[in-house]
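The structures considered in this document are given below.
Here chain A shows up in two complexes: once beside chain B, once beside chain C.
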Partner chain A sequence: MMPENAVQSAKDTILKVEDLRIEFRIGRKWYAATRNVDFELKADETLALVGESGCGKSITCRAILGLVDEPGSRTRGSINFKGQELVGLPDRKFQHIRGKDLAMIFQEPMTALNPVMRVGEQISEAITSHMQVSGAEARRRTLELMESVRIPAPEQRYRDYPHQFSGGMRQRVVIAMALACQPSVLLADEPTTALDVTIQAQVLSELRELRERNQMSVIFITHSMGVVAAVADRVAVMYAGEVVEVAEVETVFKEPRHPYTQALLASIPSVESDKEDLQVIPGQVPSIVDFPEACRFAERCPHVMPRCRQEAPPRFQVGSTEVRCWLYESENGETGQ
Partner chain B sequence: MSDDAILKVTQLRKTFDSRSGFLGRKAKVHALDGISFEVKAGEAYGLVGESGCGKSTAGRALLRLIEPDSGEVEFKGQSVTSASKRHLRELRRHIQIIFQDPYASLNPKQLVGDLLAEPLKVHKIVTDAEIPERVASLLTSVGLPAEAATKYPHEFSGGQRQRIGIARALALESEFIVADEAVSALDVSIQAQILLLLQKLQAERNLSFLFITHDLGVLRYFCQRGSVMYLGRLVESGPTRDMLDRPLHPYTRMLREASPSPDPKTARATVKVAGEVPSPLDPPQGCHFHPRCPKAMPHCREVYPEMREVEPGRHVACHLHDPSVMGEQVEGV
Partner chain C sequence: MLRYVTIKLSYAMVTLFAVMLLVFMLARVIPGDPAQLMLGDQASQSAIDSLRERLGLDQPLYLQFLDFLTGLAQGDWGTSLYTREPVLNSILEVLPYTLELTAASLLFGAVVGIPFGIWAALHRNRFIDYATRIGSLLGLSFPAFVSGIMLLLVFGIWLGWFPVLSTARGGSFEDRLLSLALPTVNLGILMAAYIARMTRSSMLAVLGEDYVQTARAKGVARHLIIRRHALRNAIIPVVTVIGLYVGILIGNSVLTEIVFNRPGIGKLIVGSMNQRDYPMLQGLMVLYTLLVILVNLATDLVYGLLDPRVKYQ
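What follows is the complex of A and B.
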């Protein structure tokens, strides 16, 4: 399904998600919160998972981290991380991966930090819990990490508590903790959403630098197309629990294929230019109990055809883009829309 | 006050007491440090800034939901700041506020119909018999079915709740709406729906808005004019288009450059953002922005620049634009 592109295939796939289906039990029935979730994460790239609330982007991230298998939910499909299958992996084994080779940062840094523990000690703990190093060595690495995420005066701030840090600085602490064991994949769930724009801009550009310097791959979950443009190499757009489009970042902004992606881009008020009219997507995202069996966007789609209401579209390849939409069915290429 | 101004705010000030820590030293936060602006009838005026800049305090102070310490707010020539309790209630009929999280402002135990009927009863807008009809028409005007009246707020999605909040603000046929981050919590597609709804209502009812936001895209789309706030003061005012295309204040420029734009080419340009907003408890001497300003001069550390009109309709508080400071080299940013 991937494009036959020499540069593409030269990069190794580090994480591959195939046909991921996460179901929840509501009453006596099982409902699929996500289905048809397919994407690959390659070495040294940032893949953005973008969509609006309830599209399944966060639950997909939690599934990758093995954090959804509570009673009342079940995960099907495959998540392959460096050759290891993560779906169904016992928690005991997951603990050797999670936080070490697969690290994560979340939206609200304060919930990830212990309020009564010194910041430096929290970062050190992230190191010592996964690696056999002395206390002095852990401290040395912690100071290095604090330096690398641009926390000023790390020696002094080592002894501070989280409440003494600003929002942006707290998120930097959490990033330092995530990087403590040199992960090969970082999952970042809306890490800059709670920050002011000027601080967001700083953290985003630092994340870009850190990704390059540490040779890791990042899955960046966001609802903001502006943030996608700033950080991503490739983009997977999610709608109502499905990945509807996967494309290179430039392509997604220049030639969005899925009607949802097109409408989403047209509904953002621009800072740069005057848009005559915002495009409005009529209606709202269906709730999980009402997800249609066929195309989940059909009811809101301006290009809806009878077939869209009968059958869920498979993935079609259009140029380098993969898109789940019947509009692209004819000869697997451009169709007039 | 120019003839077409519906709301005029002059030198509005509000200081909060703050204690740093238990038994700590008392300190004062100048949330509003003498802000002045005018909103014209039928206009949407934007107030933009980062968290803690005082923009929400400004919105609440003009309705006297927070009592300002000093300054003057005039609505259609009548003083809001010196109004008696009874007069204030009358004025509030005309000025309504909508909040970021409508759920927090809707009583969860009240049916939507009752929520909308309440202001009608309090202000005796229509007779009791006419209430159901009025409620239904309010709901349809914000794009909700009339049956919504028989449901509770929790039965609605975020976007629909914001519609209920808007319907309630419209119930009294108010002319002026303070929208405090009214679309910030919504997904972009829903945000677009609400913005279009507000625009439609603005045109139909000749509404004026004070639109408080942190999103420059929303500011540009919805507001004709506006001000940028930083640590309790306005640093730049003018037509939103001009401010964003040709920012005069270095802070406006920084905000503009930091705003993520949905275009990979511009979004990746290295952002030159220095430092963080200083604590409002202890704002820097001189111009509050000087520690983060790429163009700060020694003079900026000493004297706070006054708001000056530098082009017709455009005001900025920055020494770079003051010929008496700069001599001949007035900055053409």
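What follows is the complex of A and C.
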């Protein structure tokens, strides 16, 4: 039955981002750093958000948490979290969602912690901000959290300051803070990029384990297709502030649709291929002040058509993939602007 | 922490030694006879000769320097040419007035400057921010004697709340406090202006830091973000700057002392310059050095308490 299905799928989708547009004022004009950002996050899944540096992954996450609110910025479109509209939600109300049901891990573990506050206090602050618990109880839970993210000797490290921790350990502290209130959605902004390779693999596998144990949905930001293959169920590919393709992870690797996704995959180094085989995408990402009105990838696209320079492509459904590219116009109906 | 204190203390000792050497050399590189210089033009030849002997000018320089240091340590800072009193006595007599004025205006500056700086930073480019910025610019550019006279005119003469003629010497505790009020405000305005500017810019920088965003992402309440995360970090550079300005404050207090007719180090310096009272000037230089070094030491220690990172470097 139709209504039943509708209810079912509404339940499944925990976070729905529609036509998210984040704008910054530079001089007297407003420029859109992102537009046409559409994706859904379903319960218990990991969605990878991939794209080159500067394509707007971090600000998209910050906007979901309501943190893009500095003067000279504005957010348009819709972010629906468990039936609640987050765009335009006053900061006072947002404060009770952040860190409780919707948590974030930041890109830079070296600067994400307050240098003059004890690490244990910073973690327990995440608990006491949302729960009425005694100091002793907050401390007990903090130690538990530190243990669960594998910080050795939590009793002693509780009183340490961030500068006494290595990068990997700091990132574990940040993860512990994010998990403090058992959020249903975790936004992980390149949680391993700043770490060295061995620590990266460790933290990655621990995150996976924690996700399964806590039954969270995760948005995992990365610019590495290798990491995507390791962690994601579905993938949203971003280019120059737009989501250009959303698909299941197997589909993306087997049948990438958007020319940018294809180029991104061709540029991954693999064990078999020689260095010479590596393809670099020609051209550069345009900067936010000269994003074209039409397709933003047109200038670098090998399949570019005249239409691409005139009109921005809508979303087309190709199999289970959603893609913003005129190449797929004939295939199927569009699914929306 | 102990290691940090030891290091800072030894730095202070080295600085002290270097400046003393400089003060000592100064009297010897000025052309002319140091004894003549110290005794003034009208001194008799016999007085000069006896001073030469007492100063040990015939001895090697390093011995002279050693004597100079021992003299200072034993409280023999020379004799004023003008009053014929021991230099140390004259200095110690006015020092408390300078110290109480400095401490009071520092307190005033912090109590007024820090909240305004925070307030302005939190309302960047809004009315209160502009008001604070203009106010602190005025505070910095207003000459101390003008603001002093205005304060006296309004609060001393028109309103009659505070004494116009200082009763600072002697008097009851309340009298002293009352006569301290206007000079404190006069000097404190300058301090408040510095501190407000510094707090504002430091606060703005800190509010843009990643850890403030992390705290917001945790759902920490706004007032706690400001107090626990922003302010605790923003105050660190402010403390350093306050420490630097204390020295300047002591040097600048002379105009305030004159306008409000208070005794103090500033007046003593100007007086001894006019009278070419070299032994007194030398003593004041030693005192000033000691004060600045002490303040720097105190600043370093406060810094060490505020910032856990410094102890381990």
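By definition in this document, the second predicted complex is superposed on the first by the 315 of 337 C-alpha atoms of A that agree within 3 Å, B and C clash if a C-alpha of one lies under 4 Å from a C-alpha of the other, contacts with A are read in each partner's own complex, and residues count from 1 in each chain.
By our rule, a residue touches a chain if its C-beta (ideal position, glycine included) is under 8 Å from a C-beta of that chain, and two chains touch if they have at least 3 such contacts.
Computed from a prediction, not measured in an experiment: that's the story for all the values here.
Novice: On the A-aligned overlay, A:116 touches which partner chain: chain B = first, chain C = second, or both, or neither?
Specialist: A:116 sits against chain C, while chain B stays out of touch.
Novice: If we overlay the two complexes on their shared chain A, which of chain B and chain C does A:136 touch? Say first, second, both or neither.
Specialist: neither
Novice: Please indicate which partner A:106 is in contact with in the superposed arrangement: first for chain B, second for chain C, both, or neither.
Specialist: The second partner, chain C, only.
Novice: Mind telling me which of the two, chain B or chain C, contacts the most residues of chain A?
Specialist: With both complexes superposed on chain A, more residues of chain A are touched by B.
Novice: Does chain B (first) or chain C (second) touch A:71, or do both, or does neither?
Specialist: A:71 contacts chain C only, not chain B.
Novice: Between chain B and chain C, which residues of chain A are contacted by each of them?
Specialist: none
Novice: Enumerate the contact residues on chain B facing chain A in the complex.
Specialist: By the definition above, chain B touches chain A via 50-51, 157-160, 187-193, 195-196, 214-218, 220-222, 241, 244, 254-264, 266-268, 270-271, 273, 276-277.
Novice: In their shared complex, at which residues does chain C touch chain A?
Specialist: Touch residues, chain C against chain A: 124-125, 209-211, 213-222, 224, 228-229, 232-233, 236, 306-309, 312.
Novice: Please output the residues of chain A touching chain C within their complex, sorted ascending.
Specialist: Touching chain C from chain A are residues 62, 65, 67, 71, 91, 95-100, 103-104, 106, 108, 111-117, 125-126, 129-130, 161, 163-164, 174, 177-178, 180.
Novice: Contact residues on chain A for chain B in the complex?
Specialist: Result: residues 52-53, 166, 168-169, 196-202, 204-205, 208, 223-230, 232, 249-250, 253, 263-265, 267-272, 274-275, 277-281, 284 of chain A touch chain B.
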